[in-house]
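See the structures that follow.
Two complexes follow with subunit A in common, the first pairing it with subunit B and the second with subunit C.
After this line comes the complex of A and B, so read on.
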């Protein structure tokens, strides 16, 4: 093997990069970590499995229906899992999920996603500054 | 079952092939000799003092190690050799700008870098703040809802441009091999499935991260549990990504590592100043003047007698 003093560091750097997630997680002691979420009371508007993947689409649909078709009954949501009717509003969510920090934020922080919704919208974990 | 195969078994195999394959390629390339000094240059090489060299010449025709290193860095980060991709026609001695390859390549590679950095949020726990910052910047802090990541969309366009270049330009089409098309199509399939998964057919990404972290911890039962709960759409993206990893070391995609081993780039152009010894030459054993003189004593003496200088003055 020629030029060992260049090639061996290159291989070491490559291996370090390839295993960097493993090293990072081992140092942070978070290998195999998954957030534990306390199950809120009551049932969600759809099945929990579906909600876990698609809640953002649901909220988007609710937003569009409320803004564009609010007067024509757009705020009534028909659940396709349970066949019930719900009021399409985040306030419906907050009835069961009473604390954003112990429910929503757990997974959002876990996968590094910061939804912009809560820049403006109200949520029960919001601390309103006292005047 | 599909979860166990594509979520647990194939990723392990693919990653092992990737790591072993890349290291094997590095060692394989490092074992092959470079018999000649062949840097390709496009600047004035270092010569006599009165021949001036500009700063461009120093990095286009490097003389020292550091200049070569700077040239390599510029090559890796700015793809400068693709900028030489200009067209010449026989009927006129002019060149026409045809640097589309550079534009498309730099578009694709930097998008890929951003996409890979953003993907680290599925591998790293806790998520580094700069990854979140890059994600927010790319989405322009949520101008569109859901956040549209610019690099994720641009990379599709860049790959199509690179592919159309191979399809619609006759000369490029002529020299394109199936492997050239295959690499582009595989990457296209990966980025399109990723975008579809992000914007249309959603999957539970917290379970995806759980799967990846338990794969890293070699916690197989937990990984199987997560793998079985994830939607099939994820496995299209994940399996194609695994195939890419396994395909990477043995394909043209290995240029990522091969750039460091390309002798036209990584050698300084100091041919005249330093002797480049071909490493496979047998060791050369010379003879001294005394041995030479002993061997041809009679003839040398005869030549010296007729007035020629035979003996070197400095010994």
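After this line comes the complex of A and C, so read on.
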């Protein structure tokens, strides 16, 4: 191997940098940490497992149906898990999930996602006027 | 030297070219399909009653720019912000003073006309503005990119652009209606959330302005389904002479005005 005394230390530095988040979390004892969310009361429109994976698609479907097909009853959503009818609106979510900061924000902050929904839509943690 | 034949052809062609723009209206560009839907929402405003109401209010408050109950209710229902600067203050419904040739003054409510052939929807680049099957012209704020073509296309000036975050100008929020964000165009929706809710529950819908007008005891504004021959609005349209704003443009606005009798 050529330039052994340069290559090997650089590989070590590279690995240390690449694994630095892991090392940092191991030292801070937050390795394998998941956000703890407060379980809301009541049942969701679909099963919790399905919602965990597909809530953004469901909200998008609601949005398109409510706005584009509102005249043809698009604001009514038929749940395929429970067979019940729900009003397709973010306000339906807030009936059970009464605090955004302890539910939505926990996971979204954990994975670093900033949904733009709450720029316009009402949520229980909203403060008015916004400065 | 130009021949006589060629000269006549050129004159004829230019005359035809000059005529052409006159033939184009919102109607000729819009779809030919007739509205076969069960419902078609429309509104009638009685100018005489509006004028009377506004005169009373101005006399009572002494303020020329007083907001009547309909505008107050609309602002509260639809989270329409209020800013000090008049140039950027979004308005969904406003009262405008007109003067006729004899010097008489009228107060007329102006709002989105929910045209049958909406020019705003025709020019919308992202198809954010569209007409629902029941005739309500709506803006999908998720798609609006804020290009303001629709504001230029609208012959009634009923659209407002959000130059500022509208939440800065809100004192209270109605959870049922989303607020808007900076950089989108907004306008009257005939209180579409109320309409859909009422239809789902089998009731007669009533926008916030109409409700406020009725509760204030003026009954100037009437809202209803013009495709139903027995509705109140159909009777008014049948029995009275109503005027539309700028009908020559072919937009077929569905806000009608009962002129002074």
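Observations
One rule holds for everything that comes next: the second predicted complex is superposed on the first by the 121 of 131 C-alpha atoms of A that agree within 3 Å, B and C clash if a C-alpha of one lies under 4 Å from a C-alpha of the other, contacts with A are read in each partner's own complex, and residues count from 1 in each chain.
The rule is simple: a residue touches a chain if its C-beta (ideal position, glycine included) is under 8 Å from a C-beta of that chain, and two chains touch if they have at least 3 such contacts.
Please read these numbers as outputs of a predicted model, since none were measured by experiment.
Once the two complexes are laid over each other on the shared chain, residue contacts for A:110 go to subunit B alone; subunit C is not touched.
In the superposition on chain A, contact of A:30 is made with subunit B only, not with subunit C. Of the two partner chains, neither subunit B nor subunit C is touched by A:48. By the touch criterion defined above, A:3 reaches subunit B but does not reach subunit C. Once the two complexes are overlaid on the shared chain, A:70 sits against subunit C while remaining clear of subunit B.
Note on subunit A: of its two partners subunit C and subunit B, the one contacting more of its residues is B. With both structures placed on the common chain, the touch criterion links A:15 to subunit B but leaves subunit C unconnected.
Residue overlap on subunit A between its contacts with subunit B in one complex and with subunit C in the other: 116, 119. Listed in rising order, the residues of subunit C touching subunit A in the complex are 37, 39, 130, 132-134, 136, 138, 140-142, 165, 167-176, 178-181, 192, 196-197, 199-200. Those residues of subunit B whose C-beta lies close enough to touch subunit A in the complex are 15, 18-19, 22-23, 26-27, 30-34, 120-127, 131-132, 135-136, 141-142, 145-147, 202-210, 213-214, 216-217, 219, 222, 226, 229, 231, 257, 260, 279.
Remark: subunit A residues 63, 66-68, 70-73, 75-76, 89, 91, 94, 116, 119-122, 126, 128-131 touch subunit C in the complex.
On subunit A, the positions that touch subunit B within their shared complex are 1-4, 6-7, 10-11, 14-15, 18, 21-22, 24-25, 28, 30-35, 49, 52-54, 56-57, 60, 107, 109-117, 119.
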